[in-house]
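These notes open a run of structures that come right after.
Paired with chain B in one complex and with chain C in the other, chain A is shared by the two complexes that follow.
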Partner chain A sequence: MSGILDAIIKIITWPPLWQLVVLGLLIPLGVVVFILWFERKTAARVQRRIGPYHVSPKIAGGLQLIADLMRYMFQEVIIPKTVDKFPFIVAPLAALILSIVPVVAIPFTSIEAYFPIDMSYSLIISLALLTLSPLFIILSGWASNNKFSVIGGMREAYLITAYELVAVLAFLSAGAITGSFNLVDIVEAQSGVKWFIILNPLAFAAAFIGVLLSTSGFPFEIAESEHEVVAGAFTEYSGLVYGMNMGAAYLKRMIFSIMIAVVFLGGWQPYTPGEGFIAGYLVPSIVILIKATVLMMIFSFFRAVYGRYRLDQALDIAWKILFPLAVLGFGLGLLEAYLGII
Partner chain B sequence: MSGIIRTQGAQVGFNDLKLPGMWSRKIGKDLYEIFIGPQHPGSGHMRIVIRVDGDVIVEADPDMGYVHRTMEKLSEVRTWIKGIPLFERMAIHDACNVTLPYVRAVEKLMDIEAPERAKYLRVLLCEINRIAAFLYGFGIFGVFLGHSTMYMWPFGDREVWVELAEWLTGARLTHSYPVFGGVRRDVPAGFTDALRKAIRYMRKRLEDYRKIFVDNPVIRARLEGVGVIPKNLAIELGITGPNLRASGVKYDVRLNHPYEVYDQLDFEIPVFQEGDAYARVWQRVEEIKQSLNILEQVADWLDKHPRTPILHDKFWKTAPPLYKKIFEETGRAKLGAVYAIMKVPAGKAYERAETARGEISYYVESNGGNKPYRIRIHSASARNALVYKYIVPGHRVMDLPAIYGSIDYFPPEADR
Partner chain C sequence: MPAKPVSKQVPSRGGIFSKFKGNIEAIAIGVKFFFNPQRFTLIYPKEYIKLKEGYRGFIVLRKDKCINCGSCARICPAAAMRLIRLPFTDPKTGKTRMKLWPVINYNRCIFCGYCVDVCPTEALYHVPYHDVVYETMDVMDLDLEEFQKEPEWDAEKLGLPVKYVVDEKMGLVKVRIKEEGEKQ
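Moving on, here comes the complex of A and B:
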């Protein structure tokens, strides 16, 4: 009996599966539930309302999102006659999966036994995987055959060109400082207080705003802007598929936050992974997830403060301010590497 | 305009492409036609058909009339007093302003005038309505720009004014407060103190609005230089209200053609020269401040003067002693039976007033019967709606909600 149990535990804790399913999907989903609750509660607080309450009064409406999800689940999935059915259904699924996949290239510990894949080029791999999912948002907009969807998809396309280079350059500046694309090396280089947010605030700022741009966070909630394009690329979706689309954006933001936590906020530092599954894998993961959750909370607070920029203004900001900022951050990283600060 | 299909004289659709059994219309090469409304989250009860080239709007066609309720015709089959609750439905949150010129026009035909106290009470409710209507507009405007806080705050603060109006008149929105020859109720005890408290609160809140919305860098970037109505265009199109004043024209019915007691009150009307969406926001903020000033003066006047009849003698003398006793005790005057059978001398009258959205005018014609012969209403929103056709082209699609919100267009008022 204990043999079977051991085998099950071994399968569950097999790093690729553990990282993709637990760290990539289940925990981020839980965090997203919390973040959505937090977002609604803080916005309500700012706006002198109560926010979600009636679903579970004892925990301040914490189960509201679960209730919403159940509503989506039991709602009829309407597939209009005019859509291109195959991409219409596949695109949101692909976007959801591709938002999670980058997590396999992110190390949650420094112990090699718990790496899902080889970490030598993990920075490049995770960034490359992160840039894939927006293509499927454009595809789902195109497949919907609806004017608002097409416009939403095109806006997403514009925004990709704006944020992708910025975010990639900003994250790569960590590689410039350490001279390595290995995320483990990058985290190890940030021992003590040498976090890259302190050493390279320019790159951090560029990455932070780049993430806001890429995940439709306020003030850049443009591709789904309700008052021009209804729900952007997702206008024709309903039921669970629509919920999946919405969830994918938050999951993507969570994965981006984990990336920022690893690259700029010192990863599992100041904790040092010890021996065994718990001390060597679980605790450092929790440290990273807490940092990412704090980032998510900051992202979601902006909803209460800002309106949204116009599309051309967002592109202006990306190309005229963020891009030079990211280049400067990259240069700063090179300079620090030259001076041997690390 | 060739190829228009006509059925029994009515224009139904276009058949430019000669498709069998299907309407079709050529819109030009490389243009994309988008129907914003009437079932669009950013449209309200109207439709704006826009044609875009890339992200830039090249043509905009406001299409009104989705909430037309034949008010002018309906009023011809109702007795005079029933016109008041009918016309209120044009702008239920601006009820006093919208019905006041009708009441005044009928008073003009009957050659009576409301007592001074009633005039002050009318101004009181008019300004309360005006502030509430501006806050309503702000809320819609905020959510159009994606600013959810600016949606919630004005709607929450509007409650203060709506409840004051409820306390004064008994109804939150459709007050039916001004009636021929006066008003329905006097102020309840303690009302002016609550009013002063609300004024202090609103002044504080306007400062909060400035911090989070009007001076917000994102909002400024969205509004400055957007939707500019030049002064000459504003005059040419007959734009009215705050939109006109934000374009640099000093015209306000309260100043230019004072009615009720506005000539005895001390207030000034702000004028902005820029004419863009941002100026229109400031215009409304400043007008709320002026309305607060007016309310303060009205509260002072009401405190100084004892309670006197609030209906003209013609109606007051028909009231039974019991009515008068109740009025002395509670300040409520029940509508006399005389209103139900009231006949208005034959004649024509024209009256106007400044509503929250601009000038509204009524032409009232009576043939001496107990119903109006003809009533013609020219409302502010109907005049302002034209502006979309002229100022929207050239802007980007994302500017449309900013312009739409800044005009503060209210479809039911325009469609009547």
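Moving on, here comes the complex of A and C:
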């Protein structure tokens, strides 16, 4: 009996499976549910309202999100006659999966036994995987055969040109400082208080705003803006598939937050991974997830403050301010590497 | 002659630094409200707005003051007030006569208050609330007995009275009204 139990534990804690399912899907889903509640509550606080309240007044409307989820689950999934059925169904699934796959290339500890894949080019691999999912959003808009969907997809396509270069350059500046694409080396280089948010705030700012742009965070919620294009590329979706579409953006933001926590906020520092599964894998991943959750809370706070930029304004900001900022951050990283600060 | 197309450009306001400053200010205001929320949502059944005297709410008849003139029914622009013929025994002489009494139909009433204004003996008056619920439309057509009672006000039983005052800094602010006997 104990043999079977050991085998099950061994399978569950096998690093690729553990990282993809638990750290990539289950915990981020829980965080996303919390963040959705937090976002609504924060927006309400700042805008002098109350927010979700009547479902469970004692825990400040915390069960409202569960109620919403139930509603999505039991809603009928309607597939219109005019859509291209195969991409219509596959595209949101692919976007969701590609949003969480990059977590495999992110190290949650410095011990080699707990790496799901070889980490020597992990920065490049995770960035490359993260930039794939918007293509499927465009595809779902195209497959919907609806003018709002197509316009939403095209807006997403415009935004890709705006944020992709910025976010990638900003993340690569960490590689410029350390001279390595290995995320473990990047985290180890940030020992003490040498976090890259302090050493290279320009790149951090560019990465932060780039992530907001890429996950339709609030000042840049352009591709799905309700007042202009109904729900953007997701106009024709309903039920659980629509919920999946909306969840995919938040999951992607969570993975991006984990990336920022690893690259700019020192990863598992100040904790040093010890021996065994708990001290060597579980605790450092919890440290990273807490940092990522705090980042998510800051992202969702912006919803309360900002309105929405127009598409041209967003592109303007991205090309005229963020791109030079990212280049400057990259240069700053190179300068720091030259001066030997690390 | 068709209008000439003119290309207009919106002049950009300020440089990068003023935009940066504006963003920082906006976030600072957001943080201030996040830690010190000044909510003014009315949580309705638990709170209700206490309206002032003279508010044109539901209408009640004082039967002993009514002189059966019928002015209220005549002036009613929505034809909500109508007169019904009922026997009335004069307490002085002891004779029974048929008289016309006003009754109101809240399906039609627009709460304009003309009937209250026109009444020569002030037999009609407003109650300062309007949030009364009737179960069916038939019940909203009151008879003479119902018309003499003040309608049941559930919000007063369930909730606390509040009022909105205009604050110079905050705009509208919700203030709880202290009830009589309660400490100020």
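The working rule: the second predicted complex is superposed on the first by the 342 of 342 C-alpha atoms of A that agree within 3 Å, B and C clash if a C-alpha of one lies under 4 Å from a C-alpha of the other, contacts with A are read in each partner's own complex, and residues count from 1 in each chain.
The rule we apply is simple: a residue touches a chain if its C-beta (ideal position, glycine included) is under 8 Å from a C-beta of that chain, and two chains touch if they have at least 3 such contacts.
All values derive from a computational prediction rather than experimental measurement.
Superposition of the two structures on chain A shows chain C clashing with chain B.
After overlaying the two complexes on the shared chain, residue contacts for A:321 are found with chain C alone; chain B is out of touch.
When the shared chain is aligned, chain B comes close enough to touch A:230, but chain C does not. When the shared chain is aligned, chain B and chain C each come close enough to touch A:304.
When chain A is checked against chain B and against chain C, the one touching more of its residues turns out to be B. When the shared chain is aligned, no partner comes close enough to touch A:85: not chain B, not chain C.
Of the two partner chains placed around the shared chain by superposition, neither chain B nor chain C is touched by A:71. Once the two complexes are laid over each other on the shared chain, residue contacts for A:46 go to chain B and to chain C alike. Of 91-99, 109-117, 199-207 or 361-369, the segment of chain B running into chain C after the two structures are fitted on chain A is 199-207.
On chain A, the surface touched by chain B in one complex and the surface touched by chain C in the other have residues 46-49, 304-306 in common. Against chain C, the residues of chain A that register as touching in their complex are 42, 44-50, 53, 301-302, 304-306, 321. By the touch criterion stated above, chain B contacts chain A in their complex at residues 32, 34, 36, 40-42, 55, 142-153, 156, 212, 216, 218-219, 221-222, 396-401.
Chain A contributes residues 43, 46-49, 147-148, 151, 218-219, 221-222, 225-230, 303-313 to its touches with chain B in the complex.
Interface of chain C with chain A (complex): residues 16, 26-27, 29-30, 33-34, 37-41, 43.
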